[in-house]
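Here chain A shows up in two complexes: once beside chain B, once beside chain C.
Up next, the complex of A and B:
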């Protein structure tokens, strides 16, 4: 299948990109690394007359770390994240999650913005950001910017909560909070992960005070369940097993999964159960050991 | 300076060429992107084709309207079934059951119904979208169970003719959807049954697998009215040539096929595939036309047979094998393709290389409403070695024997009968399997959740032994080797050059091995069945020996020596130890000027009998491998830690290439065992027709260690005592992996070993404990 002919427009700024998008409407799409978009076009699933190249917009290409947190431009590639020493120092677990995505070819051009805007159900970054209370900066046609939490940004597979003439400008997350721990793990059998679990935990005096368990790449969107998070609060090394079991059971009971080529509902629920226990154990044991020191 | 540094080839003298790991002679042009594949070729005036394929799996065509497509810009011709009324439009080398394009009925999703030739690809694609077709849908049998059911739809009614290379005796009458059956009996089953103390009885499922060569099927065809020219990436140019000649009522010599390089084959390009459609479309368009399959189209053009098998192995409590009873059903898809031969090979492999009191094998080739299945590296053998060898391990466990000891006690020895009427065993299997086990650290302690397995089998290799070659030496002592073996990445051109270099003492740098042009290249039956080095290589050796004889003849006259046995070759000279002459001098002397050439022709034909399948094979390819695996019982994920394999090749013409063959075969075997599975819906739709969903092994799936042990007993029928390789490890690896899991108590009866399947099996085993 040949990709039908299209016209490429190179945007100079966020405003420029958005106004081009407004001008061409449904005939156009933003084009960043192209790792998802070109695939979709080659499969003949879309027929776009215009692509708006946003890779050269400076604002989308910056990384900053300051007191207010970490901010990564939507068009920063995975490879640039991997090679950024400041990010590595501050959020090593985030960088290691990024460096496990896809392969070098995809990471050399693929971006965080493209991943989150595409909202593929198998997203490592979306799951990770859910666990660390990440946020997105969205730019609109009226020149306004709004900040939205990662939680709720994906409303369904391939459905980001954005209007057509909006775009992701940056991705934000808090700096590594003192005392908090994040652990991320994935199981990958094909190109994309079959399950991604990211767990944040904090503790005081040897007791878990807060936990956030994000489960992705297995259901329709990455999810967190309040009762799962709560079930881990109060855990200590002595009673950890019971807390983990309860959290895992709640997670695997609550998760919405379907039979498909990636596995049966039974197997998927088992994976949720197993990985929630495994990843939460790692996070909690680490944080409890740290807080005992 | 070019950015690419091409390593200079070793230009040392030819003597000693055999047995050295020469660089690939096609390496530099491939690495530098200069090698042209069919998809790169532009023939003047060439049109581009888009095939319009059936959206349903089974139905009668009630309406086919291509008028809108014909009226589209750039469209030159649209081929439909009614264009074929002047010829017998059915092809198929085994069974002539397949029309060039659908005539009145479609039998699988993706079957060509029409084909558009246009000036650009975009125009062809746009026009194909305008074709209108309507059907009377028929009941679909998209899998073996549905096709074998009592009320199954009959996919081919009426009798079909045998193809030109059926080669398997009388065409049987068709029963239902079974298009071919193969039976093999030895000994007395009922007498044997009185000895049974251990009985292993299971049903097994092997998946449909795609060959996944990087390059898909591609062909450019031109029909001038009196001649058809094809540039194709077919593995067997000469078989395609005669099939096209028959289809279009032309003399064989009026069909000219040019084959340069293949971007992999693995069987997907064996026998005739897209060539008839391309030729028919070019005939209608009166212009050259190029047809290139997309991956999703290639996947419904050729694949490996999925299989259901019921096997019962019995033994005495000591582990002495008694009998084996096997029923095999192979799903050949909507058209037979190479299914009958695959079925016979599977039947042959079923007993395994063991001593039995009695065996009974029934193998059936079954039509279904899915894409046709054909050859796939180590066909039949891979299917049955897995089943048979996992039962051997189960017997060993019941008898309390180590799997290696079990095999020592029961394996056939050199010279014993493998198949009645066929060639006796020509290899030392026990020696080979001991080497493979040792490479795996057989006796050493196993880490938790790690198991080790070995497997052994034989593959009837060589196909029909008919190959010719011509070797030409020019006046500057340059040599061209004209041989019809297709270079598809396996390195055949390098091996052929090494054989000629060895015989003629000419440096490798002076030898060229061009691609095949059926107008100039002598006949070679096919490239497959691990036959090229053994059979075509023998023809090259013989042709080179004829050139040598001409050199001796002239030199003898000059030296005044009548006994040419006193002469020998050394570094491009003929010498009797005292006087010597260079090849160039000899040729100049012979023709009286610095021109002319020496031409030698070599031929290989059956040495005894007819060379038929029954009397074969040319040699038994040894299929022996071992694997160590680790299982994660929480997820069912199996990791292949290490593998070992034996390449029992008689003599390794090029040891590095032998190793690469075994490594490639191992990785492909890992794909078959662990990941690959074409998933068909019940209405016949292939659901994973791209790399997004179809999982092939990648570099990340390579075991930590892959050891290939080359065994050189100089006991092969090929040049310098060689015999072929390239399929053995593939046939052996799935069985070795499954046996490694069996070693830690996880017996698997269905491939591939997806984590879910393994996890469920672990749950099941725990529950029954």
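Up next, the complex of A and C:
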């Protein structure tokens, strides 16, 4: 299978990359690991005359952890995340989610920024970041940077909320908050997950005070529902089953899914029901056991 | 783009079109046909090659990514002591049927050995989930991989 001809441009900085993108307009795309873009090009789904290689831009390749949180450059590969001891110590559940993506070779070159910019409906990272209130730093042609929440960044399948002359510079998330727990699970029958659920929960005096349930890889974009999150607040070990059933029912009623090769609407709603209960139970039982200690 | 690259220890300098895939460059330009072509969507692993020791899918990697780098294909491993030992173990376990997937499996096992971390049998299975064997000889392949990785790590310590 051939990739249609194009010209490669190697960007030296974020500004350089954005100015190249502005110059070539819709004829160009940023290029990094190529694990999504080259597939799309091989299938003839896009016709790009210019690729702008951003993987040699230092600013996009750094990982930092400090009091303000965790910041991961858009061109950091999954492999680099897996091998980073500081991330593993601070966010083991994030690193474990990353190490289950696709396969060894995809993780060697695939990047977190690329995954979020491509906005594939099947995304473990996007779902995880939604549960932990992740944010993105977006750079634009006028040199300004803006920070946007992960929630709302994907407006539809393959549709990130960015203008043509913008790019993801870094991905941010809070450090593992004291007292908070995140649990992430996926069900994967083929290369991409059929469903991803990530749940954040915090508690005080044996009662859940906050919950965020993110459901991805099954609908058009990863989603959270306010009423699902709220239905888990107030849960205790004694009444957990009722709260979980209610959350799962609300989630499976609200989710927008379609019949396709991965299953029927009914089957997908069943998956949502099952995994919301399972993952939320794990998160809440863990946090309640911790808060009772 | 003009690229300079060391492929299996041999320096290569040539002009390649930006849209040339690494797999096509290795097979068609350099005649290294040990790297196989199959799924084309980086799922099956038969086109596994190493760039600076890192495994990539040749089918979804541009040849220009090999510039200023060391590329290792299965031909580059042949003749090494590792290869001879691994080949022996794979044969003893009958971990080869048609052999089409073997170069990818051997290169992936090689990178796991080089990572130097002790792996459980389940972790080895997980790490090999991106290499498909259409003869479905997974049981013996996993057994052989576990033995090779265990033995090679023991040699290193």
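By our rule, the second predicted complex is superposed on the first by the 292 of 293 C-alpha atoms of A that agree within 3 Å, B and C clash if a C-alpha of one lies under 4 Å from a C-alpha of the other, contacts with A are read in each partner's own complex, and residues count from 1 in each chain.
Throughout what follows, contacts are C-beta pairs under 8 Å (C-beta built on N, C-alpha and C of every residue); 3 or more make two chains touch, one makes a residue touch a chain.
What you are looking at is a predicted structure, and each value in this text was computed from that prediction instead of being measured.
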Which of chain B and chain C A:2 touches, first, second, both or neither: both
Chain touching more of chain A, residue-wise (chain B, chain C): C
Contacts of A:85 with chain B and chain C, given as first, second, both or neither: neither
Partner chain in contact with A:106 - chain B first, chain C second, else both or neither: second
Touched partner set for A:34, first chain B, second chain C, both or neither: second
Contact residues of chain A, present in both the chain B and the chain C interface: 1-2, 4, 39, 191
Residue numbers on chain A that touch chain C, as the complex places them: 1-8, 34-35, 38-39, 42, 51, 79, 100, 102-106, 108-109, 191
Complex contacts: residues of chain A adjacent to chain B: 1-2, 4, 39, 43, 187, 189-191, 261, 263-264, 267, 270-271, 274, 278
Complex interface listing, chain B residues touching chain A: 121-122, 125, 294, 634-635, 637, 679, 687-688, 690-693, 695, 754-756, 759-760
For the chain C and chain A complex, residues of the former touching the latter: 1, 17-19, 21, 40-43, 45, 48, 54-57, 59-62, 64, 108, 111, 126-127, 129-131
